[in-house]
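You will see two complexes here that share chain A, one where it goes with chain B and one where it goes with chain C.
After this line comes the complex of A and B, so read on.
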């Protein structure tokens, strides 16, 4: 039987992070204590999630449990639900967050003023708490609250750098993000009016009853469409992703890694849960939402890459590449089979760890070139910050899908998942074209970084990267190879988690 | 079809209002008007919830939470607006965005440099 503390881990991890968010502004500023505290708390939550994962999977059969909050049972009170998939996602989110905080520890000090850094830490903790809550929640009311907390925390993180451009891009991000949350809350209200519940399982029962009585099908599909569009806006799917590059280019390195690697993933997982738990895959198919998502995913893969090809600025290039990668995830969801969703979840994990590495590496390289972001300015920076250069190369290979790198694992599983599906031709063609295009823009970037540039080297001001940067980059690289080489047990675990969702 | 809109007139009004709010949020160029649009949109959602009007506490709880969230979003957006006004001296988002960014300056410098090199070679 599971250790009884393990049942409390979902709640304890969210609670610890929120507590840390309250405590950090009260700490003394010397020695960067608040930042160290938030790193420690995120690390602790990562260990707790690993423990939860171990307890859930070590008894042969995978186990899921519901954890009710407060004194009221499910239809009224709010509930958390944890299974292997939630635990593994929480673990990887925490690890990616920890590494992007430690990897950018010194560049954060340059970018953000000391008195703002404390608030920044508090918001990072709040953001992490909201990500975990989105991962674990089992009712739409909690989901709504934490989507909004996520919005506010993410906006404030975008605004962390105190300059006019960052403020303007925060305003743009906020308008888009608030639009997304308004659509989500409208969908939740509609679903509540139709079913009378907010808890996911109860909603599912009521929706099934409505569908078998063939009543209220139009409002149901409107609610589903609103929910999907709202969450797609927040997770930067193509037609709704035009905000991402403009916002991303003004971010500090740490916020960039967090925003493109983690913030958008929480919303995608929420969408998967709503598809699986609230509607059920057969109803999604009946309402044709799977086809819509598949087409948008395909479009996102291609158009994101086309835009990335045209970019001269490394940060914008990485941002457009994020749009393409989100397309892969939605392609997996659009396949609407448990294998497809498992592949999508694997790609969520892969992208969360690779994109945070790429952002950290791109930030390190652009700092080495004296805070310039144009691709031309980065010539020869590999020889100044070799760890960042290695990170960029490994990340680029991973995005192209070279075997032994993380991206290969998820592309392989997406391909396998699309084999017994009627969209196989489209899916394979999309994967092939998008991989080639990834190579078309990442290879030149790698070549530029590796080219010797003797003249410009005197301009470069940065010294060798700090030890913490090297260690974080080493762990990033190790994680990348682990995901690329040993993904089969992980994929099996995810498949079990998806079936138990 | 049309008579259902009259039967559920609260919901119809809420949807129309939130549409008005959303268009204001997205299309207004003045930042203060954008924020007013945000408030109209969220109030419409509270109307939608309040129209349910029975003894069930869940809609009231959602509306209360929504009010708190809208309040904090509005406060944050107003703070940002103040900051943008201090920086660029205008409330119009287009005019504020027209100011040259560092990124564009960097790109222009690169293009100029490339052109000069071409002339000399």
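After this line comes the complex of A and C, so read on.
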């Protein structure tokens, strides 16, 4: 049996982050204490998650357990649930969050006023707590509460930069995101009315009974559709993704990395969990939701890339590329096999670490060019901030799927997963076209950054990047190569986790 | 391909690229000397009327009518979409199981979950009010999350609206304040004699009612959120009767942050104790007490008090931040 402290880690992680968030407004502002506290707590939670992962997997057979929050077991009280997949996602979310905080430590100080920075840190902690809760939850209503925290905190983080454009795009983001929340709560109400449970495994049993009795199929499919659309709005799948580029362009670097790298991933994993644990893959297939998700994913891959091709602003380009990458994840979910979902989970991890790196790098480069975001203004910035340049190149290669970079691993596993599926032609064609289009917009960006630009050198005011930036970028690059070169054990772990879901 | 088809194709091609019809008496320009560089050769041997290309004509048409057509299409599609969604949802609602369970059509929601809540909640939680027991004991994690939602929204609003505190007394005055030349803190109480006379009678009563609702939360309907809302109303009434400056003397932004965070820390720690002992199946040292007494229900009473403090502060903060833009 596993160590008794490791059993408490899911609860302790969420609890520590919540407590840190609540304490942060009381801290003194000097020495950037709130930000240091956030970094420490997120780092601590990362270590705890690694410990949990180690103790879950070190017994040969992978282990899952339920953790009841309070004195009453599942159908009455609420529960958390942890297995290898949850632990590995929590670990990577924490690492990506920590790196995007430390990497943008100095640019956050430039962009956000000190008064606001304290609350910004509190919101970052709340956001991280809600991400972990979405990862570990075993109860639909708990999931909704933390979706709500996630939405509010994400909106406030977007608005942290005191700038009218940022406020405008926040309003837009909030309206769209709240629509998504409304759809989700409506779906949960329908499911509760039909089953009488909120806990995921009990709900699954009740839904199986309903389906075998062939009763209430229409409300079930409407609930599934509402849930899927609600979560797709929040995770920026294509037809619902038009908010992302507008929001993204006005963000501080840290918020950008957190928003496109992490916030949308929590919702995608919740959707996977709901598909797998509440409805079950057979029912998803019976109601044709897998085909719908597959088509939307394919569309997102292509259209996101086409939009990215037309952008001249590096931040908007990165945002549209996020939409395309979310399409890859949904493509994997749409395959509706455990291999497909494992590939989707691997891509969640890869994209969380690569996109945070790309955002940090793009922010560093545009700061080096004097806060300009147009692609042409970035000419030659590689020679001012070499670490950011390296990050952009590695991130771009990873998004294109060059071997040895992180994106290759997940694209390879997506390809392998689609081999024994009837959609193989569509899936392979989509992957190929989208990869070529990724190259079409990332390669020019890399070339521009690498081109010498003697005239503009004098305009560039930025000095060398701070040590913390270099260290974070080094860890980002190391993580990227680790995911690209040694992904097989990780993929095996994820597959075990998916089978244990 | 016969000549007619060729002619039609050529006409169509001309129409697309914008070559006008050929003039009646076509002038063929003389053959250019062959040694002329390519760039200086005349572009077309025929002199033609230049017309707008298809694309230019489309753009002009779009500029003239585009917005109109877009708005018609947009509204038509919105109406269509709404009709589809509404009819789908109505069909869903018609198929839902009944709320009241009958023997012919049992309601799935009436299962062992509800039964245990209704039958055993007072005995298991020590709270006579089943809803309070449900919120704080069976579903404590969700209530904790809900209080975190409130905290998140409070600090978000504080960050977005109350950020001008460094130059609080010399910031730009809003149009409302510019007439008197004073900001909302220096402005005296509004000229509302009825309110000013009624406030000293009403405020103590409201405060008492709020406290009663909070403290009896586990016995009778009410609880932290409801009682806190009543307390917050007392603060808002005081601000309207005596001016924001008077309330600001004892409840400014710092006091708000300290009271909210402290209350929430206490609440979080008590929740954490409950979750930790519950999950590890440890014995708690907090007795449930006799059902119906004030000191019963374990940690529900302190939790309600903390939530009351937080809700009162948050509601007042929302009011003052949204109406005056600062706190």
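Everything that follows uses one rule, which is that the second predicted complex is superposed on the first by the 501 of 501 C-alpha atoms of A that agree within 3 Å, B and C clash if a C-alpha of one lies under 4 Å from a C-alpha of the other, contacts with A are read in each partner's own complex, and residues count from 1 in each chain.
Convention: a residue touches a chain if its C-beta (ideal position, glycine included) is under 8 Å from a C-beta of that chain, and two chains touch if they have at least 3 such contacts.
Keep in mind it's a predicted model, so treat the numbers as computed, not measured.
Of the two partner chains, chain B is the only one that A:373 touches; chain C does not reach it.
Of the two partner chains placed by the overlay, chain B and chain C both lie in contact with A:155. By the touch criterion defined above, A:126 lies against chain C but remains apart from chain B after alignment on the C-alpha atoms of chain A. By the document's definition of touching, neither partner reaches A:489: not chain B, not chain C.
Touched residues of chain A were counted for both chain B and chain C, and C has more of them.
Of the two partner chains, chain C is the only one touched by A:18; chain B is not.
By the touch criterion defined above, A:171 lies against chain B but remains apart from chain C after alignment on the C-alpha atoms of chain A. In the overlay built on the shared chain, the residue A:249 is in contact with chain B alone; chain C does not reach it.
By the touch criterion defined above, A:28 reaches neither chain B nor chain C.
Of the two partner chains, chain B is the only one touched by A:182; chain C is not. When the two complexes are superposed on chain A, the residues of chain A that touch both chain B and chain C are 76, 141, 145, 148, 152, 155-156, 159, 167, 192-193, 196.
Within the complex formed with chain A, the residues of chain B that make contact are 11, 18, 21-22, 25-26, 31, 34, 38, 41-42, 45, 48-49, 52, 56-59, 61-62, 65-66, 69, 72-73, 76-77, 80-81, 83-84, 87-88, 93, 96-97, 99, 101-103, 106-107, 110.
Every residue of chain A that touches chain C in the complex is listed here, in rising order: 4, 7-8, 11, 15, 18-19, 21-23, 25-26, 67-72, 75-78, 113, 115-116, 119-120, 122-123, 126, 129, 133, 141-142, 145-146, 148-149, 152-153, 155-156, 159-160, 162, 167, 190, 192-197, 206, 210, 216, 218-219, 222. Across the complex, chain A meets chain B through its residues 76, 141, 144-145, 148, 151-152, 155-156, 159, 164-165, 167-168, 170-171, 174-175, 178-179, 182, 185-186, 188-189, 192-193, 196, 198, 249-250, 312-313, 372-374, 376-377. Considering their complex, residues 88-89, 91-92, 95-97, 107-114, 116-117, 124, 137-142, 145-146, 148-149, 151-153, 155-156, 158-160, 163, 165-166, 257-258, 261-262, 264-265, 268, 272, 274-280, 284 of chain C touch chain A.
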